[in-house]
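Read the structure below first, then the notes.
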Amino acid sequence: MGDDLVVFDSVEKHFGSFTAVRSLDLKIQSGEFVALMGPSGCGKTTTLRMLAGLDTPSAGEIRLNGERINEVPAHRRQTPMVWQSLALFPFLNVRENVEFGLKMLAVPEQERRTRAMDWLDRMEIAQFSERHIEQLSGGQRQRVALARALVTEPSILLLDEPLSALDANLVIRMQGVLTRLQRSLGITFIYVTHSQSEAFAMADRVVIMNEGEIAQVGSSRDIYRNPANRFVAEFVGRNNILNGDVRAQPGQTGHNQRPVPDDCIEVKTSAGTFQAAFNGQPPGNGSAVTLVVGADLASVTAAQPDTSNHVRATVISEEFVGAVVTLFMETDDGTEFKVQLQQRELDKLELETGTGLWVSWDVANTHLIQA
Amino acid sequence: MHNKTTGRFSTWILRAYIALVLVFVFSPLLASMVFSFNSDRFPSLPLGEFTTHWYKAVWNNDAVPEALRNSVIVSLCSAVLGTFIGFCTAYTDYRYQFRGKALYLGLALLPPTIPLVIMGLAMLAWLSRAGLSGTLFAIIIAHTVMCAPFAMALIRLRLQQIDPNLEAAAWNLGASEWRTMRSVIIPFTRPSIIAALCLTAAVSFDEFAVAWFVSGLNKTVPVVILEILQGNVDPQINAIGTFVFIISITLVVITQLIVMKQNKGHRHGR
Amino acid sequence: MPITDGRSSRLYAHLWRWPMPVWQLLFFLVPLCFMVLMSFWLVKNYRMEPAFVTANWEKMFSRGYFWNAYWRTLGLAGLTTLIATLLAFPAAYALSFKVSETVRRWIIFLLIIPFFTSFLVRIYAWQVILAESGVINAGLATLGIGPFTMLNTAFGTIIGYLTLTLPLVVILQTMSLSQVDRSLIEAAWNLGSSRVRTIATVILPLAKTGLIIGAVFCFILAFGDFVSPYYLGGSKPPTLSILIIDTTKSGQQWPRAAVVAITMIVTLLTVAFAAVALAYRSRVRR
Amino acid sequence: MKKTTDQTTVSTGRRGILKAGAALGVSTIIGAPYIRPAHAAPTEINMLAWYGHGEPDMVGAFEEANNVKFKPKYYAGGDNMLALIAQSPPGTYDIILSDAEFVQQLNAAGYIEEMNAADYPFDDFVHSDFQKFPGHWADDKLWSVMVRYGHLGVSYNTERVSAEEAESYKVFWKPELKGKVGHFDWHLPSLGQISLYGGNNSPSPFDIDEGAWTKVQDITRSLRPQVGGFFDYGGTFASLKNGEMSAMCGIGDWITGVLERDGAPVASVVPKEGGIQFTESYSIGKGSEKAEIVKKFIQYMLSPEGQATSAQMAAYPGFCVTNAGMKKLQEVNMAEAQRTGQVEGAANHPVSLIKEGRIHYRDIPKQQSLEDWNDFWSEYKDA
């Protein structure tokens, strides 16, 4: 595959007895916006740092443009990075910061200045070119950091949680800036974050990591709707997760004395027995499985619904974000359910805390994870 | 209400106490300045007449310009060497982890705990074996040993404030380690380097015990002062002292201004 | 073609790592070790001869004046440390909690100034101030008091030690006190603790490490100073540092001076380590 | 001079000007000696001496006349002097002023060069003893030449101690002087005086048997409660002048003489028990490359001018050793000559005092080792 810009081939990284990254295989193509996501300590930053040459792999090979770069020192890699702390040089002004990379490439002074000013212009901060870093706001600094990294026209840009220090509104604006930038430049962005909203909003492909290994690679939709394992399902926010074991195969008689439909199996959990669709070979009776139901795919009604998957639950609290409401509910056995619905739907229910309601969801929307 | 008045009263008492401490600290300094213009050879109250005689005596004292020249050479050299060594140590401590680092830092910071008389004794014993005693070089060596820990402490404090990613950011942008040292670490620590140079120069300029032991015939200003004190005590000491004070205080003021600027920059950065 | 950076990187690291150990080894550790070696040498006809005899140790350790000087120096330095710590504390407390930050910075600047003036000149000035016909007694005489003998006494010595140490102790204490979280102090007041109790139960334990470090520096400086006991104490009776100088002056008895010096270093390091351990232990307990 | 100017003109380019500017800048920073104009840099002569011998009042005229420059290192006490030489590389000191009793040791250790007796005016010496002073000659070879001397006795504050009281060392034990008696911090003169007080004057206070030595130690210890301090040269000076000390053991006119000139109420006498003589002699340092000019300097110090200068030395006075010197002193400063008894028929004429047997040359202990005395002194100080 000539199109693979970056290849991680069985890469491992140990710090003493601690394994930060184990047996990592990952290919990233030119022009892709890839997000590396996971909880802290999952190895995402180490992966990025190995690519930048700031950490050396303990085993395996990293290839850039098809060439092994394990031994290439950081300063010869042309893999500029935007840092969480931004790491702007406090003793240089804005323009000098941007010029730094060009200076290291021995670009003549005049050209350096022109190119730096071009980029400052592009990032809409040209008027601050002679200011000191400490005189800029957080968002402006962010733009300086981007300009500084991009001014050398690299084929790849590494971003290490660059937005984590900004306030919420600014984050949304900067997400737009980054996406547009990546589309217009057509270069590869590798973006490390622990925030799924950032990853899902921007990335073409999301890599979820856990304990040094890749848990799942896929598009935002894939990961959200079809988590490959329980870790991903839990990590990716608003999912209802039910553990249980298979009790009936297609055609067999289910718990409500009716036969289980053809493409379904029946699973008994502590909250009740539910049906779930499956692909390919169904897991045998008695095997442990996990059911995942997106909070936005479940609904609540006052009357008992007619569907096969429903359960009685009590409202514990509500959370409002704009017109979307999340109800936090609990069944008699203590299983927690989250249901997202529109404000206007909620108004119809006229509920108060402690109200009992029916939670239901389609069999087709019940994602099955085999253990 | 009652509590508040007693509080204010105690605040004033405490402020007055600070003033008292300052009086204790500054009375010998002021006294020596006043006596440097006083005609009495063994000054007392009431003061004698105003005179610049002692300054003239210093001016005509051949030992003083030569000692001053020695002092300047010694303090410049030991400041530069001490600051260089201090910088290396501070940077190593900031950047690298290695086995025996505690021992390494212990060695770096040990000299100030050894009394100067003992340093002088050990230095003279050793340097005279090495054939170096009595040379300016001997004083420079000894003072560098004493100065390096102070420089190390100052520069290490500044490195404490550095963004830990700053070096990596420079490598990332194509700067080699050497280049990064030149264009990132040194510019960043420059205020502390200048402060360390001034501080160590001042420390060396005023040091007398070790210099007295190892200097032989090449005396520095404080050694001349000590010899006047041991010999024909006269208020020339005050005149020299006032003069040395002015030189030293210039260095201190520069240091202080730089450090204040450094702090200010740091606070803005936050 | 990838280039191995390992070599230049190692060279780079070593360049920064080695200057200090090399210099300190050659010109600090070796001289100190040589001094230890020298303490076993002989002196014949005013010349030192390499040998391995314990005579110098036996001689010094069997002399009453050595041990007297030892305990006296220890006592004087300890007393000075106590006095300096007690004298400095109210000032440091006031600087930390009773003045504005600008004032504090200025006063600390003022306290730094003495370090850059000749200690010898200040001691000479004290001679003039403390002498029987000096400034203080002349002032007191107008009130019909005195004269008091202050020069050539232990009082004079301690004044000299304090001249050397007090500013440093105030600075170190202030640095440590001003780092104490004010909200803790306010909380203590809020809970009805009196000022004095707040100092004793809240501030002191929090600032303990800094107070101990200040005391250690004070002890080290006072223990090793020879100028104060000589020029203000009349070297009567002598301290260990004066003993060292006397011993080197008289008959080239360097090996014996080395014995005194080594005893001093061992004492200082013991005191310093004990104090640091104390400071550290209290911090852990917290 | 002309030539220099031409050369300067030739070399004046941008570089030359820069260099000159730098040189000027450096010399301004570094201090005056380098901007001194004209003639060749003076020859430096390293001198090891008691305080004051290398000061301008003593060597200025000679320096001027011979284009030399003295670089002095000062010591206090013979043991201190020996220690300083031992620590320095051989050949460091060109000229050494030593106390006479230590010349022997200097010679034994090989620190000094042989001298030629014909170079110096021994015939004119005021006392025959001085021509062949003990230790200065070995195997008929000359190693050191005496240049000045002085007498040590009771030094006291004339407002607090009467002249009659000062006639005996006993005054040191006077109850009113408790805490007011100082010691010059060197064992030889102080213990010598106390030895004299203990009656050891025959043959010398320094030649005493063990019994006498024990007695001297006991007497000395009994003085300890009276003692207010142990002082170096500077401290002795200051404490007598500012009134801290009312009497001083181990010194003489060499300290009080200076203070008297300065108007202080102090004086020194040779008490009835006798006094000690300090004797200062010049030697040429072993391996000195400047032996010729050093010889010339010693000759100058023994010339009438040199002797008169020495007698009036600012740091501390010393008697003339030549008759011509004494005459010259009377010419230039009769008052000082009279004050010190260096006029014919004076009651306190130094040579008469010696001849009357009231003066004993200071010496190193004959029957004990120097270390014994030294050790006792340390113990005494500590008491």
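Order of writing sets the labels: A, B, C and D. Residues in every chain begin at 1.
Heads up, the rule we're going with is that a contact is a pair of C-beta atoms (placed from the backbone, for glycine too) under 8 Å apart; a residue touches a chain by one contact, two chains touch by 3 or more.
The model shown is predicted, which means the values in this text are computed figures rather than measured ones.
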Chain nearest the overall C-alpha centroid of the shown protein atoms: B
Most distant chain from chain A by Cα centroid: D
Inter-centroid spacing, chain C versus chain A (mean Cα positions, whole Å): 59
Centroid distance [mean C-alpha coordinates] between chain D and chain B, Å: 37
Rounded Å distance, chain A centre to chain D centre (Cα mean): 91
Chain B-chain C separation of Cα centroids, rounded to whole Å: 16
Two or more partner chains touched - positions in chain A: 73, 76
Of all residues in chain C, the ones touching two or more other chains: 9, 128, 131, 133-134, 231, 248
Residues of chain B whose C-beta touches two or more other chains: 42, 44, 176-177, 229, 233
Interface residues, chain A side, partner chain B - complex: 52-54, 73-76, 78-81, 83-85, 87, 89-92, 100-101, 103-105, 133-135, 148-149, 152
Chain B - residues contacting chain C, complex: 7, 10-11, 14-15, 17-18, 21-22, 24-29, 31-32, 35, 42-46, 84-86, 88-89, 91-92, 95-96, 98, 104, 107-108, 110-118, 121-123, 125-127, 129, 141-142, 144-145, 148, 152, 176-178, 181, 202, 206, 208-209, 222, 225-226, 229, 233, 237-238, 240-241, 244-245, 248-249, 251-252, 256, 260
Complex contact set, residues of chain C against chain D: 45-48, 63-65, 68-69, 127-128, 131-134, 149, 151-152, 230-231, 233-238, 243, 246-252
Chain B to chain D touching residues, read off their complex: 41-42, 44, 60-62, 65-66, 68-69, 72-73, 124, 128, 131, 133-134, 216-217, 227-233
Sites on chain B touched by chain A in the complex: 163-166, 168-177, 179-180, 183-184, 187-188, 190, 265, 268-269
